[in-house]
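Once you scroll down, you'll see the structures, which are given as structure tokens.
Shared between the two complexes below is chain A, which has chain B as its partner in the first and chain C in the second.
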Partner chain A sequence: MSPGPNFDIPQEESESAGSSFPPTFSLSTIKNKQRRHLMFMKLKQEKRKQKLELRKKRKKERDALGDKAPPKDVPKTIENQRVYDETTVDPEDEEVAFDEGTDEFSAYFNKLTNPKVLITTSDRPRGRTVRFCEQLATVIPNAHVYYRRGLALKRIIPQCVSRNFTYLMVINEDRKVPNGMVLCHLPDGPTAHFKVSSVRLRKEMKRRGKDPTEHHPEVILNNFSTRLGHSIGRMFAALFPHDPHFVGRQVATFHNQRDFIFFRFHRYIFKNEKRVGIQELGPRFTLKLRSLQKGTFDSKFGEYEWVHKRHEMDSSRRKFHL
Partner chain B sequence: MQHDDVIWDLIGSKQFCSYKVKTKTKNFCRNEYNTTGLCNRQSCPLANSQYATVREEKGRCYLYMKVIERAAFPARMWEKVKLSECYERALQEIDENLIYWPRYYRHKCKQRFTKITQYLIRIRKLTLKRQRKLVPLSRKVERREKRREEKALIAAQLDNAIEKELLERLKQGTYGDIYNFPIHAFDKALEKQDEESESEAEEEDDEEGEDEDKGRREFVADDEIEESDLSDFEDMNNLKVSDEEEGDSSEEEEETEEEMEGSPGAKSKGKTPLKGPVRKKRPYVEIEYEQETEPAPKSKAS
Partner chain C sequence: MAVKSQLCSVWVGSETGILKGVSLSKKQAFNFCEMSCLTRDQEVCTMAWGDPHETEVLIGCLNGRVKTFSTEKGIFTESRECGDLSQGRFTGLAVMDSSLITCVESGLLKVWNEGSSNTAEINVGTGVCRMRQNPSQRHHVATGGKENPLKLWDLQRPDKSIFTAKNVANDWLDLRVPVWVRDIAFIQDSNKIVTCTGHHQVRVYDPSSPQRRPVLETQYGEYPLTTLSLPADQASVVVGNTHGQLAILDLRKGLVRGCIKGLAGGVRGLQCHPSLPVLASCGLDRFLRVHSLKDRTLQHKVHFPSMLCGSDTAGEVEEVKAEEEEDEDEVWDSMEMVKEHQGKRATCEEPSEASGNRVKRKRKVAKQ
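Entry: the complex of A and B
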């Protein structure tokens, strides 16, 4: 067998000058852990050396060619390598346009209804959640915070409908920190359940501006590309009134990146036509969609349009659903 | 033979009883047939050959009785009687079944039965209310998601994305006339206008130059200065049209820089006498301009 760990054994599977043939040797056949470890380190070093040589060679070629060198390859990112989702919406798709014209939000998008949001929490909210709800109410115009006194959601919903609310938002709390949100579009609209994380309240923000004013903010929705993403995006858009007050210069952003939706609230100012300055006011948080249900909130008999199933959906790191 | 006293003597204090739970102040009995739950001479089901209890099973209460005649048959020792759902009727049934028994057992059985019905009522009330469902969090999953969220946040470059989107909207004109920046889409059209305006400006400058060469210093109003200075600038027409002058100053500075490279020669005649009043407004401009026209002598150029 191998005489010692310090020998450069020709049985390494490398194509470097030192070794001879590609063997059928594999590290797992060495029973001794120390020797196996040493062989593995050697293997790694060989590989690293080869990689370095390759890079040097390529760099030399590139320098030699000078200006005529082919352009550098685009580096691979997760967004580049994303597995193509067949429900990605094509902008000119008529079927999607038709669906969106007749879905539950069409009333809002046809300017028939004005949004009116009811914000509440789970039972017995603690200080952080209460403050979060208050700040949300300042960010979303026409929002009201109500204390949940142990009422069942199924009873609240008909009352909200009768008082012309369009949205019900329930912030769920765990260990004194908000960690979930149920967003329910009221006249029998879809219900989305999100996981809330990284909540930053206003006084924890660095370099923040003054409190938001009563002007209606603009809405930015980024990267909602699939059908599911579209419906969620429309859900967020319908939270805010139609006519943003540009005078107020406030903007609420929902940015989707790798299935995480980041919410930010800024005040912007145009310094000139090429530069804009933004200053963050308002709370920030991230959402991750857990489930989308067709009707209003009904955990037992509801019809789920989409549920996050971890074992099926999280199997690939390049596959995203929103 | 059943010697209750002997049994009690042994398990009560001297030897071990596996149902006994000792605490600092009291002893409890874990036997499921025990009526009171305490470890007493009277409450011990093992040390009493005649005993009665009430127990509930799936929401229904049963009266269990043990008599000495059946002490030899453990399988048949406890007699089970179903009690009625109605509280008062059940109490009467207890009384009927334990009719010649000692008062103690009747009393304790009724007490226990009352307690059981109370907790059954509470269970039924609670199940009608909202049940809180506890969902376990997997630590590994939470850690993974937190890491992915951080990476996604870095990849998102939110500030850049927001700024880009806002500038896009400005370009497309969703803001209407609130901001009076010249829009890039009009640049080409404006370049044509630039040529026209430059030719106009040259004529104006010639005229002005002749006037001021006579040595007369006149203090020129702001508007005029702007016009003549801007005559060589791009987008002059836009700025003229817009009534807001606040936005102009930044653009003017910007454009003067551009314009310096553009047409140095045309201004040579007209600008030098205007240095006086203009200097206060735009010293930056003046310095550069002087470099172009009189590079050597003027000390201010440095």
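Entry: the complex of A and C
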């Protein structure tokens, strides 16, 4: 008998039958793993071949058109496809400018205070964390490392304030590896809690330069575009003294990409006007913001300006907050 | 300016001292500020409606001034000096028969009479976090704060409080339970008072009963509750905490009915619409969000450059007959066109600092 009215030759798209009629053949129904694997490999090769043919065809068309060819499409990346964030700061917004001009960092940005950083860890740190703190103290000028001694942060903070510290940085350690950082701006400033990952100490870096000198580094803050990003960027900027020593040719970079903040410390040298050579010194680590709390460290009763809520905020791959 | 201010259905105060009016139907926000020089000490601490018709917004600022903003004219009409920074921030503003009631953190509750300079003063105890007026009995006010239990005062007999709440019994370790009342609300059509505390408890008190301890107590979350608001349908309360978690709690049994998602920062102001199941919330994440209480979805979201302290919702909505929930714009538009000026009063409070922002609820306007 003739086949049914809607019988169309199946395309051998045997990967997903979908809901076509009559039901076509699907890879997942083959119970034999070896055979299924073979069919899948064949399918992938087929797809790859088709893709290559398509690409060759397009290239031929483009060459045929010569100069009149349309410009190449920009490939889509996650950064390109980023959902427009309505909190992105407009550089000319005066209200934001006023807000930033009078917030907790205004004392630093008006050159009234110099940064003085206290670096400490969670209690009883292990070797890696201790070395990380020492290296951080060489990178950040005017930083002092103190042993934690099991003291409560809420008691340390008034003492720091009375000794004119402007920042308290606590590196949290888990299983002998640093994994968190609490950065608290001191007189009454915001407290940021970060997740730290990918810590590379100086001796693990390849082709690194000599140890950093005492010169104040320059600071580069990349890609902090939203209002929250601005606050965090200002927090990082206030860690370093205002006047960088260009003689030292050292630069600390905080690069924000997809809500991860990458810290790098380099020494640069201009070979001529257009070419620069850089050497990476110093530790490198990655930060991810977990929460930003208004006021000094008070995790139970403090008010949070921003809290990372994974299930609500990480549902889209194209939405970022910093 | 006047046109813009008449359109606004939600009023929000910010940390920089700017009063912002948001028109949800036109999806626009307007800034109203007194002068070009803004200072941080003009941060809005509390907001209140100046009159039952919701034509005036009273704003209490950090430096002790109370400013009056007229929504019809669109400008600040008056500014009075009601205290100074040494006494603490404003924790409550209210109006009773053309006299202004203010309360500051140090516990000084003053009634400022119009014209005459004599003021009545009550000391309600130190560490006050909130003062609220009973919408149906305007001469009753309630105050509460840190280690300052809920007290109900009658302004006509200011020497002693009518009702002082007693602390709950010691907990299972026989330790005294600390007191920290952060927000208070009067339940309509009954004598009861709902409070939320900084130790994540929600309590209901009944002053008319001989029991001074709470009639109902529930807990929500692990973080201090900053504000609360009573929706139009009774027997439930919406609370917000410092982590941005908003929950609707049932007051009959004390169970959580649902949570509202979306806020990323501490809730500073909550206000329910007097008749529609709609909630406006603002907070430290610089967003004003309007949620529908029935399905807990987000209806509107407005971003502001500075942190928000309090909000008031006003609406010329009397009742919405056809609740076409799908098209909320239409609902809002139809609201505007109804000429009956049943303004819902929501006062915006702008506490930017520690005091919680209250989102004012739209009260059912008592028709005079």
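Throughout what follows, the second predicted complex is superposed on the first by the 262 of 322 C-alpha atoms of A that agree within 3 Å, B and C clash if a C-alpha of one lies under 4 Å from a C-alpha of the other, contacts with A are read in each partner's own complex, and residues count from 1 in each chain.
Throughout what follows, a contact is a pair of C-beta atoms (placed from the backbone, for glycine too) under 8 Å apart; a residue touches a chain by one contact, two chains touch by 3 or more.
These numbers come from a predicted model, not from an experiment.
K.L.:
Both complexes share chain A, so when I overlay them there, do chain B and chain C fit or clash?
P.N.:
By the criteria stated at the top, chain C and chain B fit after superposition, with no clash.
K.L.:
A:F301 in the overlay: touching chain B, chain C, both, or neither? Say first, second, both or neither.
P.N.:
So A:F301 only meets chain C here.
K.L.:
Which partner chains sit in contact with A:K206 here, chain B, chain C, both or neither? Use first/second/both/neither.
P.N.:
It touches nothing on chain B or chain C.
K.L.:
In the overlay, work out which of chain B or chain C sits against more residues of chain A.
P.N.:
Higher number of touched chain A residues: B.
K.L.:
Answer with first, second, both or neither: which of chain B and chain C does A:K274 touch in the superposed model?
P.N.:
After superposing on A, A:K274 lies in contact with chain B but is clear of chain C.
K.L.:
Using the touch definition from the top, say if A:V96 reaches chain B (first), chain C (second), both or neither.
P.N.:
second
K.L.:
After superposition on the shared chain, which partner residues are touched by A:K76: those of chain B (first), chain C (second), both, or neither?
P.N.:
Neither partner.
K.L.:
Which partner does A:H255 reach: the first (chain B), the second (chain C), both, or neither?
P.N.:
So A:H255 only meets chain B here.
K.L.:
Can you give the closest approach of chain B to chain C, taken over C-alpha atoms and in whole Å, for the superposition?
P.N.:
Nearest C-alpha pair, chain B versus chain C: 6 Å apart.
K.L.:
Both chain B and chain C touch chain A; at which residues?
P.N.:
Looking at chain A, the two contact sets are disjoint.
K.L.:
Mind pulling up the chain A residues that touch chain C in the complex?
P.N.:
Per the touch definition, chain A meets chain C at residues 86-87, 89, 93, 95-96, 98-99, 102, 227, 294, 300-307, 309, 312-313, 321.
K.L.:
Going by the contact rule at the top, pick out the chain B residues touching chain A in the complex.
P.N.:
129-130, 132, 141, 145-146, 148-149, 151-153, 155-156, 158-159, 161-163, 165-167, 169-171, 175-176, 178-179, 181-184, 250-251, 254
K.L.:
What part of chain A is in contact with chain B in the complex they form?
P.N.:
77-79, 123, 150, 152, 197-198, 218, 220, 222, 246-247, 251, 253, 255, 257-260, 262, 264, 266, 268, 270-274, 276, 278, 286, 288, 310
K.L.:
In the complex of these two chains, what residues of chain C are touching chain A?
P.N.:
Going through chain C, the ones touching chain A are 15-16, 18, 31, 38-40, 198, 223-224, 226, 242-244, 261-262, 264-266, 284-286, 301, 303-307, 354.
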